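Below, chain A partners chain B and then partners chain C, in two separate complexes.
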Partner chain A sequence: MAAAAKSSARQGPPKILRRAGRALAVPLGSVLLAFVVGAILVAVTGGDPFKAYQALICGGFGLFCFGGEPSVLQLSNTLVFLAPLIMAGIAVALPFRAGMFNIGAEGQLIMGAIAAATVGIHLTGWPPWALLPLVLLCGAAGGALWAGIVGVLKATTGAHEVVTTIMLNFVAQWFLRFLIIGGPLQLPGGSSKSSPIASSAQLATLIPHDNRIVFGLPGTVYRAHTGLFIALAAAALFAFLLWRTSLGYEIRAVGQSQRAARYAGISVRRTLIVTMLIAGAFAGLAGAVQIAAVDHNLTDQYFSDTTGFDAIAVALLGLNSAVGIILAAILFGALHAGGSVMQSDAGVSGNLVYVLQALILFSIAANFLRSFKLRLPSPGRVPSTPAADAVAEVVAHEAETELRADDKDTA
Partner chain B sequence: MRKPPVRLLSLGVSLALAVVLAACGSTGSPGATPGKTIKVGLVTDTGGLNDKSFNHLAALGLSKAASTGNICSSLSCKSELGVQGDVTESHVNSDYIPNLTNYATRGYDLVIGVGFLMAESIGTVSGSFPNTHFAIIDGVGADSKGNDLKHTNVVGLLFKEQEAGALVGTIAGVLEKNNAGAKKKHIIGSVGGIKIPPVDHYIAGYQWAAKQQDPTIKTLNGYSNNFSDPTKCAGIAANQISQGADILFQVAGGCGNGVLTQAGKDGVWSIGVDADQKDVDKSVIVSALKRVDVATYDAIKNVKNNAFKGGLTFFGLANDGVGYQADNLTLPADVMTALNDMTSKIKSGAVTVPDTVP
Partner chain C sequence: MNFFTDIFRLLGTPDLWHASLQYAALLLLPALGGVISERAGVVNIAMEGMMLTGAFFAVAVDLAAHNVWLAVLASMVAGGLMALIHAVVSIRYRADQIVSGVAINIFAAGITVFLVNRLYGLADVGQVAARDSLPNWNIPLLGAIPFLGRVFFQQNIMVYIALLVLLGTQVLLFRTRLGLRLRSVGEHPQAADTAGINVYVLRYGAVVTCGLLSGLAGAFLAIGIANTFVPGMTDGRGYIALAAMIFGKWTPIGAFIATLIFGFGQAVYDANSSIHVSQYLLSMTPYLLTLIVLAAVVRRSSPPAADGIPYIPGAE
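On to the complex of A and B.
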């Protein structure tokens, strides 16, 4: 008792701050570790880490620029990367809460983009107030359909979602290629992209695209768009769904223990399917916003796009919470935007950004393996994180299939 | 209960502070050079600098202009001749516009985009910066439907690929006429990536020139609809070889490497494209060259000499914009004679090489 009082007197901040500190220790530690290791890599390879990071901060947030970069433009570039990362991050985080690992956000995003573009290209005569919502809805539906396949397979045949989502990513990527290279959506004239969507299907940019000079530059260079508000609304919706609805309770219950959830009268199968449908809708919405606000036509770029995979890191770094996902998306968006400035100003390859991302993911993954290990001796304990639970489930599932294979061998 | 790693956290915070403070302290100024130093920014496409093809060659042209002797890989290079070159690699297509814009906002004199795929991005950015010069390899500044916007501050650097195709086609034709190939059936093949103009230019010149040398020759042609997957192109190549083709021309980028290796496996000859490809496979007897380095250097020189002109500039044999490189085969004398003849005819304008595949 006395010890506790002493410690609280010494530590000062109230319990809630300490709890927040404990929760943030892992993600902040991971980010710092990544930056320290990254700095060492730059220094060892003959670069100047301080200059590199200064350029990175400049490219990401428009601060400390030394190469003459306009600050507002740098911020605007980061915001463009932010919206899809937030929505795709939710598409990974929600299934995590239900104990599933959605590696398929990329495929769901692509299907959303395809659905949105198809509608936006063909219904050119529609007024904006009808067409734009329809484009976004169709995008969400496309993503939901794609993820729904995974949910149904998981709930009925037990097919592992990691495998099915990865495979469906390939299907979506090649389907996209089929459509725009020699397929029905190809723009005439031999280029590997589709026609642009109708202008009434496009989301507005934050700064109007006319010839006015804004912050010293033509307004057309600022690509930050109103889809950001859609992303923030999606994050709010995600938090509300998870913590303020009975469906959210069921999702979390299934994620904590399927057996206990079933005992409590929750239909595990239904919850798994619904979770994937909603997650897919978020990823599909990310694709639709990207089409409606940034790209305006389907291009080959979605073949090499990595938003859906970065989203896994965003969800993990953001501890699968709405606020965390937004913060992590800001970091990853800034890293992506800052990479090019780092290359042009500090002469450090923009690929360093990918090293940093991988290091962040690595240290988080290392940590959740540790919490999994701590869980091992007493399997009955409540799992510490949904991530740990997801890993545990993968391992348990593998063990189970192995056992089954062994049974067959002996029989 | 586990305690939070407070010590680690505070260490991290102090490190972060150190980074920020140090960042505030340094004032890295990009060294002002006297005289009229022009600044050139090069943006690669997603192939990156190590593509051993046009991104690499464009960077080579920039380095030559900046006369450092080295490729300005990721480091910027400057020269006494008054050209400062900087390179940014694009990792995904959505990097094109920010990367191009980045140079334009910072007062660069010339911003170069590498590759047909950047046409729309160049079109967009050049519209926002009418006072900045832009150059694009293999394309024009286009709108979202691919139409040339005809911005006066954009020069499209285009190549007469058909002339390079005609040179390697001449070699193939003479070799077939002399029954020098493995199968002696007077059949040659070509594998294109996607049926787009630059690809068809090469193939058209190749087929035309081969027929000039050997009228009995039969040409096979296929498209993989792909520029990256070698197995697809290898499949098409294997098919053509089984039909009797013993010289295969690849015009399919990374996919086309499959053509070269398949030719090696089946003991027939192959022809590389864009850059010297003799290292890909021993079957490569010659490569059709597209001198992106020459075009890049030329564009920079024009800006430097205040001779920039918007519109289209074509690079062909006459201005060293295309050529060939003999690789794993010493070309016989009669091949050289035919080649020299073809070269002088094209240069003098006595013949015009067709640029569409019949």
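On to the complex of A and C.
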């Protein structure tokens, strides 16, 4: 016994730590690589990378703030980005698990926001306990419908989801502009934004939204909101769905191999459609929470907002897992919140954040770090061609008839 | 009723058709780049980012060197370099080509504003005005023809270049040995490799060509049409070019027809002040048309068989 203990001690850290290290090596390495390249970029263009990153960390996490920036406010700003990033990240990760690439989280988020705002604007007389859930539900439904189009097209006509989601993103953006610029939802006499939603449809902020002084500043400056808990619940639901339900099993099976899933009696088409519906619901919920908690009205700022695309980076960096998505969302939320501080304090454009994000994506996608002999779980994209599908269908049909024949034999 | 009378009045103006052809040419360059890249088997959704980078460098070099042709060259090189990143990541490292494309687009959006801020010290929303612009080519005699002269023979020089590139791409893909090899690499790289064709070289070449053409389109946009650089100025045109490529079933002529339709839509949009229909609903049409084509007309749309699949020598 003693000898066994000694030999395991000689092997170094416990197994669980080694496994965690192995899982985290690629994402952390990619982030590190991106920051090094970003620092070189800042230095080459005549900036001070240390000052830039110090301001970035200050703005993101409230740490190393030498300019007297209030730390709690910085953290609050990061938390504002967190909820939509987590939910939109799930909207990308779930289809990844089924072998689909959802670039359409942005459009689904917009449609969710539109549905939520429409209800929140018009049902002003409703009490909060009824209106708020209805607003969130309508948001989820709006996103689900939008993504459902993609799922149905993919399952019935084979139209590639990457192309259809890109197209639907633009349709959603123009539809939003139509609604709020001279359209039915425009604030009467206002510019390009909708009327505000009823106050009973609004989600509370974490720190009471009044003029009492909290952490040295009036409560109204803190925008962090209770939608964060909705996002965390969504992440838990995502993990439960994926690993503890038969639907989750079917999704993963379809993602691994459509043909094998078909042999196992899983309806691939149904799974693809259901996956997109659920993913869209998560994205739509993100849009609804953003409306109910932060914006309170639709604005065309949603165009320059890139949550739906950041979500792709969140899902990939988070290895399509619930915990990973939360961690990646914290990183990107902090980057976005810190970007504006970096711009004002260090004079380096906040858009460096997008450069960093792209570099992280490159690094993860290309797996530059594979010299460490680490492999990412592949997103499981099985290229499907009409011919291969047809062959698979014939084979599956034959297998079915054989099975039936076997049944008869045994009977 | 107003709508139809407005439309008919608009259709009678040569300026509408002039603008249609101009916008079609703008979309045609990246669409042809996409055709070449995907025919060789590399999915490219990064035309948007390559165009944007090209647009920025066109204005930057124009301001520094006061020479439009140097600016055009720089924009092509910039687009080509962006494409080279995509090529290395997706061919050499066999990354998911969609992820790489998304990353290129995010990278371009970030780096251009970052550089605007570094070079010109403007706030993030600031625009950089160009100094010179690409010349209009008023063809003598032909340009004097009423109506048709304005539409076809008084265009920006870049329109004629785009049409030449269209001709060149069509001939290259379907009338030359190189084109045959390029298509075989996109359909069945294993067979092509067995026949002694260098799959990697052709794929690198195709992707970089796409970058050169997209960068060229960026220059056309920045110093031919807008005469300024505005962050995010491509405004989804790279994606419309992608749509045009699919719409045209991965053929140069088909893509050209699609860009004509989309260019017409853009021209109507621009002239919209005289039409009584929401310009925002109108703007949806290219995207909706593409969806309908994908869903109904093309049915199982038929990209090259090996499109998007990294080539691994020896693999089945």
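By our rule, the second predicted complex is superposed on the first by the 355 of 411 C-alpha atoms of A that agree within 3 Å, B and C clash if a C-alpha of one lies under 4 Å from a C-alpha of the other, contacts with A are read in each partner's own complex, and residues count from 1 in each chain.
Definition applied: contacts are C-beta pairs under 8 Å (C-beta built on N, C-alpha and C of every residue); 3 or more make two chains touch, one makes a residue touch a chain.
Small disclaimer: the values here were computed from a predicted structure and weren't measured.
With both complexes brought onto chain A, simultaneous placement of chain B and chain C is prevented by a clash. Look at A:Gln343: by the touch rule set out above, it reaches both chain B and chain C. By the touch criterion defined above, A:Leu168 lies against chain C but remains apart from chain B after alignment on the C-alpha atoms of chain A.
In the superposition on chain A, contact of A:Phe229 is made with neither chain B nor chain C. Contact with neither chain B nor chain C is seen for A:Tyr263 once the two complexes are overlaid on the shared chain. Of the two partner chains placed around the shared chain by superposition, neither chain B nor chain C is touched by A:Trp243. Shared-chain residue A:Gly182: touches chain B and chain C both. Legend: residue contacts after superposition of the two complexes on their common chain; A:Gln54 is shown touching chain B, with no touch to chain C.
Once chain A of one complex is fitted onto chain A of the other, the partner contacts of A:Asn297 are limited to chain B, with no touch recorded for chain C. Residues 181-182, 304, 306, 343, 348-351, 354 of chain A touch chain B in one complex and chain C in the other. Those residues of chain A that touch chain C in the complex are listed here as 41, 45-47, 101, 103, 153, 157-160, 162-164, 166-168, 170-171, 174-175, 177-178, 181-183, 304, 306, 309, 312-313, 316, 343, 348-359, 361-362, 364-368, 379, 381, 383, 385-386.
Taken in their complex, chain C has these residues touching chain A: 45, 85, 88-90, 93-96, 98-100, 102-104, 106-107, 109-111, 113-118, 124, 232, 236, 239, 242-243, 246, 278, 280-281, 283-284, 287-288, 290-291, 294-296, 299-303, 305, 308-309.
Partner chain A is touched in their complex by these residues of chain B: 4-6, 8-9, 12-13, 15-16, 19, 22-24, 26-30, 41, 46, 73-76, 86-95, 97-99, 101-107, 116-117, 124-125, 127-129, 144-146, 194-197, 225-226. The part of chain A that touches chain B in the complex is made up of residues 18, 21-22, 25, 28-29, 32-33, 35-36, 39, 50-51, 53-54, 57, 64, 66-70, 73, 77, 80-81, 181-182, 187, 189-192, 195-196, 217-218, 220-221, 223, 294-297, 299-301, 304-306, 337, 339-341, 343-351, 354.
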